Amino acid sequence: MNISARNVLEGTVKEVKKGATTSHVLINVKGLTITASITNEAVDELGLKAGLKVQAVIKSSDVMIAVE
Amino acid sequence: MNISARNVLEGTVKEVKKGATTSHVLINVKGLTITASITNEAVDELGLKAGLKVQAVIKSSDVMIAVE
Amino acid sequence: MNISARNVLEGTVKEVKKGATTSHVLINVKGLTITASITNEAVDELGLKAGLKVQAVIKSSDVMIAVE
Amino acid sequence: MNISARNVLEGTVKEVKKGATTSHVLINVKGLTITASITNEAVDELGLKAGLKVQAVIKSSDVMIAVE
Amino acid sequence: MNISARNVLEGTVKEVKKGATTSHVLINVKGLTITASITNEAVDELGLKAGLKVQAVIKSSDVMIAVE
Amino acid sequence: MNISARNVLEGTVKEVKKGATTSHVLINVKGLTITASITNEAVDELGLKAGLKVQAVIKSSDVMIAVE
């Protein structure tokens, strides 16, 4: 599957923190930690757990830029 | 300034593509290219141009996860 | 590829309206028209044009609910 | 009320799953299930429950496109 | 129409800047200027122009918090 | 830090409602209440609590417009 989202980053799941309905998934991308907030249902369906190879997918209209 | 967004990635602007109202800014983050779609006004106000050190800022609720 | 986004809707491209940097793509999903605002670059890379079978992908945190 | 969001889909609530602060609401739209992740407060204020006629509202900049 | 979005702010359109496909609409909310980036189509359909009373609608999951 | 997001609103935290993984933070901006849905982690890291001066940050592509 190809997706229109411009940012598809290869990484590995570091940790899954499950909440009541929403999970936070930490992904290691080239030594950076990317946090994704997704549904528990998605975590279960994709079988997300530490060590799994995944892609972080981010639409370009959701990226902001900051300058010090 | 500290921000609640969990993903603040250090990088360098590679290219700015200006449109009629919306620009696409390509940022080099550890060899990865991150694309941000932001207003022309923000590009001008922040003085974004190739070579400038910036941060890509992404809220965790805007990150999805894909598995091959 | 499986994605964490809960909403993956099968459809067919009806029309692609290209702008300077941003395109609007109309997708027929079961007789409903879904509009996606994506980069021109994604339109080109995916070869989007009227008649192509596609999926509209929407993260559940981007869906609101209205009641009359 | 008219809204700028291009995607306003008529449907019926199938199920409301309440979490600690965030609910997941499943909406039947022409046989498709749309999932919305919204605040518990909004669920209470709108009186959302199975069977209620609602609209799923999605901004076009939050729609991505995938191609197999 | 009631909407699940927690932030519905009463204001008045200050200016509409049309682009090729995307417009930027500036809204005066209690002396603050709120910028909305929406489709040209929505601008036309809602008849947006300076002086019109409108509401800025923002989902709470799209609000970040910064601390100096 | 300057950020590309067009909407940076000065305010004061009114209330923090913590959930299992996601908090809702109410911010008083010129008498308006803005609700932000952010991670518990961000709440802790920024030390958010009633009375703290903060900024609500919203990307213009996340603002919709409604007309009665």
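Note that the chains are named A, B, C, D, E and F in the order they appear, and that numbering of residues resets to 1 at the start of each chain.
Heads up, the rule we're going with is that a contact is a pair of C-beta atoms (placed from the backbone, for glycine too) under 8 Å apart; a residue touches a chain by one contact, two chains touch by 3 or more.
Predicted model, so just to flag it, every value in this text is computed and none were measured.
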Topological distance between chain A and chain F, in contact steps: 1
Selected pair, greater C-beta contact count between B-E and A-B: A-B
Chain at maximum distance from chain A, centres defined as averaged CA atoms: E
Chain located farthest away, centre of chain C as origin (C-alpha): F
Approximate Å spacing (C-alpha centroids) for the pair chain D, chain F: 22
Whole-Å separation of chain centres (CA-atom averages), chain C against chain D: 17
Distance between the centres, which are taken as Cα means, of chain D and chain B, whole angstrom: 29
Shared interface positions of chain A, touching two or more other chains: 1-6, 19-22, 24, 35-39, 41-42, 46, 55, 57, 59-62, 64-68
Contact pairs between chains, per stated definition: A-B, A-C, A-D, A-F, B-C, B-E, B-F, C-D, C-E, D-E, D-F, E-F
Contacting residues of chain D [partner chain C, same complex]: 1, 3, 5-9, 24-25, 27, 29-32, 34-38, 42, 46-48, 52-68
Chain D contact footprint on chain A (complex, rising order): 1-5, 19-22, 39, 41, 59, 61
Complex contacts: residues of chain C adjacent to chain E: 17-24, 35, 37, 61-62, 64-68
Footprint of chain D on chain E - complex, ascending: 1-6, 36-39, 41-43, 45-46, 55, 57, 59-61
